[in-house]
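One chain, subunit A, links the two complexes that follow: it is found with subunit B in the first and with subunit C in the second.
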Partner chain A sequence: MNYIIIEGLAFALPLFIIAIGGIFSERSGVTNLALEGFQGFGAFAGAAAVMAISGGNLAGIETPMFITAMVFALLGGMVFSMLHALLCIPFKANQVISGVVINILATALTAFLTSQFNTVLFGKPTNKFVLGICEKFTVPFISEVPVLGAFFTDVYYYQPIIIAAALVASYVLYKSRFGLRLRACGDNPHAVDAAGISVSKLRFIAVMISGALSGLGGMCFAYSISASFSPTIYSGYGFLAIAALIFGNWKIGPTLLACLLFGFARSGGYKLAQVLGLTSAFADIIMILPYVLTLLLLMFFSSTNRAPRALGEIYDKGKR
Partner chain B sequence: MNDYIVEMRHITKRFPGIVANDDVSISIKKGEIYAILGENGAGKSTLMSMLFGMYEPDEGEIFIRGKRESISSPAYAAKLNIGMVHQHFKLVQNYTITENIILGMEPKSRFLGFLPSVDVKGTNKKIAELSKRYGLEVDPKKKIEEIGVSTQQRVEILKMLYREAEILIFDEPTAVLTPQEIEFLLEIIRELRNSGKTIILITHKLEEIKKVADRCAILCRGKLVDVLDVKTTSTKTMANLMVGREINFRTEKTEANFGEKVLSVSGLDVRNDDGVSVVKDVSFDIKAGEIFAVAGVSGNGQEELADAIAGLIKSSGSISLKGADISEMTVRERSEMGISYIPQDRQEVGLVLDFSLGENLALKDYYKEPFCKNGILHHKAFLIHGQKLIDEYDIRSGQGAKTQVRSMSGGNQQKAIVAREIISDSALMIFVQPTRGLDIGAIENIHRQILSERDKGKAILLISLELEEIISLADTIGVMYSGEMQTIAAAGSLTSNQVGEFMMGVRSV
Partner chain C sequence: MKKPKNALKNPFRRGFIAILGNEKYQGFTIPLFAIILSLLAASLLLLSLGKNPLIAFRSLLQGSGLLPKASYAAKKNILTDFMSMLNILTPMIFAALAVAVALKAGLFNIGISGQMLVPGFIASITVGYSKLPAAAALPLVLIIGIMGGAAVGSLIGWLKHRFNINEVVSSIMLNYIFSYIISYFINTNYIDAVSRQSRYISANTRLTLANIELFGLKMDIPLGFILAVPAAFLVKFLMDKTRVGYELKVVGLNKKAAQYAGINVGKNIVMAMAISGALAGLAGVTYYLGNFNSIQPRVLSSLGFDSIAVCLLGNSHPIGILFSSLLITVISKGSNYMSSTINVPQEISQLITGLILLFSACGAYIKHRVSLAKDEIRDEKLRLKQENEEGDRV
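What follows is the complex of A and B.
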């Protein structure tokens, strides 16, 4: 049980922060299928920065390097997301196509850059930056409480960071002036324009936020599940985040629940494979559990969901 | 310099293929209600959009309070205290009234004592007060998607007042309102003027101008025709100036000449999506050369009746056309059997707005030759066919058959639908509110076409909310109330008062 909660949380929270990024973009009216690419590129940027600064020897400086990685992942994701914003907003490209192209570009570009980096730094053209696993902590006393204590046991350092970021994001989206305008953009951009606010600028910023938060999420995956940056980072976390935010009806609270569900389904699946003593080939089948769950949930719940009204629509002043 | 609050001098604005405004100069005094009158497509909205900063004029100057201004955006217009209620409301559907009003000028408060945030709760009270002051009562906490059109319009007006607008532009404000709501709105407009605001009213409805406006500028095809003092000018003069020629208020109608029975409906029942019965046991016949007009207050089952006959919605009972039962047929089969349909909502049902005019004019025949041979569409055929109808029916558009229909004015959109439906030469033509939102010239045109189709021996089902239209066109009148046909009588045997009583359900046979 503890295993399911600990591992489930470690997976659900990075997913959650990527999904929040998606919410910002989509609530402003920009369809964002590029989350997968953003999180991968962010993780690459963070890992590359760590490699460049530390020279590959992380012993003894894990924590400062972890923080460096997070900062650069945030910036890298943000810069990379500007490509999507640029294509979709001033150049009015189709947002779905832009998203798909950016995902393909991210995979190819980061693989290429990683091997170039490795050649220059270490003389080996591998496609991997080995980072190790982020440190964990356990809250004394509370962690002793049955079941509930598991939420405070073996907590990765990134988990409280994500929770803080999610709180800030909720405040910005629901309480601030910027958030009010952003959400209005996704429903009726004409109203926002008539109120004298630039729809393009607002959406551009929204997409950049989605890039930054996705980068952060990608970095957390690199520091936990894969313990490195490599092309395996592109295994559908971004798409799962999209499923979570749709399932969560484009609202932060319900999206958290969806992420937790996916996280526990995944860790539960692993536990199941362990208990049954399955070989690794069968364990791989278990890994598709969250995706199957997604499909089933979307089948049952998506009829009651309501996407932002202007989602995916290119804003054109003249259109009535 | 002078006491004009707004002056627009020698304004010219061109769009691809069209000169929307051609050397127009107007001057508006502070505290007056200034009407801008013109047919659809005469350039009224374009002129005012320039005042509101949506477009910039190609030539000419704008002076506000005697100072030359270049109004580059709605935000700048707002700074000059200019506000506009658009014909298509610009409201965020899932926001409350308050949130919509404050959008862009949000009052601040502190969240958790230190974080700047939008003060929605505190503003609810302020909005309630504001709405009371101008007699525009609304519940600030209601969401836009929960309120009706007339309340949404109030929200648009409140939006301007919240921004302390002094110059208020209303673009066709009554197009979407019921007669009672129109009265109420005109009262509000008068009150706003009395409290010192300057009002610009864009409209094509002469009655409204006569009721509230002080002065009136008349535009015709982009040019300023005249500026008149409303009190001393007759509506007839205004109408003639607006259309650019003499118009008859009365429709010339020849004696009806009935032929064989074309449509026969008996025991028709329709249920809506919620399972509520909206058309109840309706039976009637229409003969060739007969205009059968259905009168009724909106929402009493008339639209559903038309949709059921055209096959858009399911019904039970029997419908037969020229003796053949069509009640089980699909829409296309019915259309090929000889039904033309001019629907109420021309933009939703009648046209594909993002298609070209040529394509829209062939929507009923695109799968037949010459448009389609062996499953391949021939674009040239669409253009040739389109051009033919454009010339024949005087449909005005920027780039001929290639014009995107969305960019055309409402009157010309309707002309296009009517042209398409007439040329298919169907035995039965259904017109649902064919003149809704159109100006006098266009209404006259449509009425003439309905009558000429009748004289050609078509059976015509006309559904209208305008009693006048019914009385002046119908050969036979049916009145619907709450889904039931209250009465069916020859047009001459009912006075309009009697029809009105049937419509309200207070009179029965």
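What follows is the complex of A and C.
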């Protein structure tokens, strides 16, 4: 049970922060299929910064390097997301197209840069930065409470960061003036424009926020599941986050539930395979659990699903 | 772009606008312009690495059999390279057409990989491992491709219609589900102990005639390609000339208007996904039982995602797709040879592809700028004319 909760959370929270990024962008009216690319590029930026600063020797300085990675992942994701914002907003490109293109570009660019970087820095053209796994901590006393304690055992350092970021994000989205305008942008951009606020600027910022948060999420995956940065980071976390946020009806709270569902179903599946002593081939069957569950739940709940009204539409001032 | 004081003074700009401004040919000229821009950007990138871009681009063409190489191995020449390029091109055309059909109906089919994998797997285990003669096996493979893909596609369409499940989500979920289930079956029943992939299918059932001796050469002949080009024209015919295509397009443009006109929206959504899935299925069989002859467990082909971009590069137009598929395939096929001639990492080719797609995505913006500039020139001409007339009067 503890294993399920610990590993489930470790997977669900990075997914959640990527999904929050997606929510910011989509609630402002910009379809964001580029989350996959953002998280990958963010992870690349963080990992590259760590490699450049530490020179590849991480022993003894894991924690400061971890913080460096987080900061650079945030910035890297944000800078890269400006490309999507640029294409979608001033250049009026189709947002779905732009998203797909950004993903392809991110994969190609990071693979290329990683091998260039490794050649220059270490003289060997590999496409991998080995980072190791982020440190964990256990909260004393509370962790001894049965079941509930598991939420406080072996917590990756990034988990509290994500929770804090998520709280700030939901405050901004639902309680601040900026958030209100952002949400209005996704439903009725003309009203926002009439109130004298620049729709383009707001959407641009929203996409940048989504890039920053996705970058953070990607970095967390690089620091936990793969313990390195390599092209395997593009294994669909971003798409899973999109599924979670649509499942969560573009709201932060329900999206968290969707992410937890993915996380727990995934770790639960692994545990089940372990307990039953199944071979890795059977584990494949169990791995479909989160996806089947999602589809089934969607059958019941998605009749009330409603996307932001102006989602995917290029804002045209003259249009009525 | 700075606005010159007199729009008529710059002949270069005027010629430029005259070429790009002709709306009749814009579907063709603007993507071409974007491609030229992106090749310029790629040249800059290559120059910054200290490589000659012209040699790089020539190597791409040589590697894909469009230009002769300096030397060839025994029993190889330009034709063998060209044939193996066609071999990769074939599934790409089908997959991109699949995206286009769904897009016309306003649906975004991101599940091409899954719709490729399912028929690919079914055809492999039923026909591929059988001892059927080629004449019976090949049509059967194609039929399985069409039926299997259409089944998965219409499932996604039905989920959308019946339960209002966004097709992006359901196809992503189904991609994973199929990939894991098929990986399970491959790992338990059909695994090849050495390659860690599914066992090779028999040569009779493969849609590509591999290593055939012809004219003293050894080459791969992709039989699927014979179908791929007509398929593009068939899709064009379906979309432009038939009732089915018309209804799909109306649903894609405006669901409410379609409903008001008495078009059954649900039926058309399922129909569009079925056609799209069938094309994806053809891509699947030409990929797994043509280009390759086995399936790697747990891996979804990246072709499914690349085809989205290829479709968009071709402006979602069936004939445009033929050209955009060719372009992207040439770059990816030729990259091997390029990395050997000028000693650059192979990732460069993906980067060039990315740049092309990036600039093509700006097509709408280029069009917008061109039409602005056109208006400006027209206004300027009008103003000059008026001034002249006033001058005459005085």
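Assume the second predicted complex is superposed on the first by the 313 of 320 C-alpha atoms of A that agree within 3 Å, B and C clash if a C-alpha of one lies under 4 Å from a C-alpha of the other, contacts with A are read in each partner's own complex, and residues count from 1 in each chain.
Just so it is clear, a contact is a pair of C-beta atoms (placed from the backbone, for glycine too) under 8 Å apart; a residue touches a chain by one contact, two chains touch by 3 or more.
This is a predicted model, so every value here is computed, not measured.
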Touching partner for A:M287 - first (subunit B), second (subunit C), both, neither: second
Subunit B versus subunit C as contact partner of A:K175, first or second or both or neither: first
First (subunit B), second (subunit C), both or neither touched by A:G196: first
Partner chain in contact with A:R309 - subunit B first, subunit C second, else both or neither: first
Greater subunit A contact set [subunit C / subunit B]: C
First (subunit B), second (subunit C), both or neither touched by A:A47: neither
First, second, both or neither for A:M219, with subunit B first and subunit C second: neither
Touching partner for A:L240 - first (subunit B), second (subunit C), both, neither: second
Partner chain in contact with A:S98 - subunit B first, subunit C second, else both or neither: second
Subunit C-contacting residues of subunit A that also contact subunit B: none
Subunit A contact footprint on subunit B (complex, rising order): 54, 73-76, 78, 84, 86, 88, 90-95, 99-100, 103-106, 108, 111, 115-118, 406-407
Residues of subunit A touching subunit B in the complex: 171, 175-177, 180-181, 183-184, 187-188, 190-197, 309, 317-320
Partner subunit A, residues of subunit C touching it in the complex: 108, 110, 159, 163-166, 168-170, 172-174, 176-177, 180-181, 183-184, 187-188, 297-298, 305-306, 308-309, 312, 345, 347-348, 350-351, 353-355, 357-358, 361-365, 368
Residue numbers on subunit A that touch subunit C, as the complex places them: 33, 83, 87, 90-94, 96-98, 100-101, 103-105, 107-109, 111-112, 115-116, 125, 127, 236, 239-240, 242-243, 246-247, 280-282, 284-285, 287-288, 291-292, 294-295, 298-299, 302-303, 305, 307
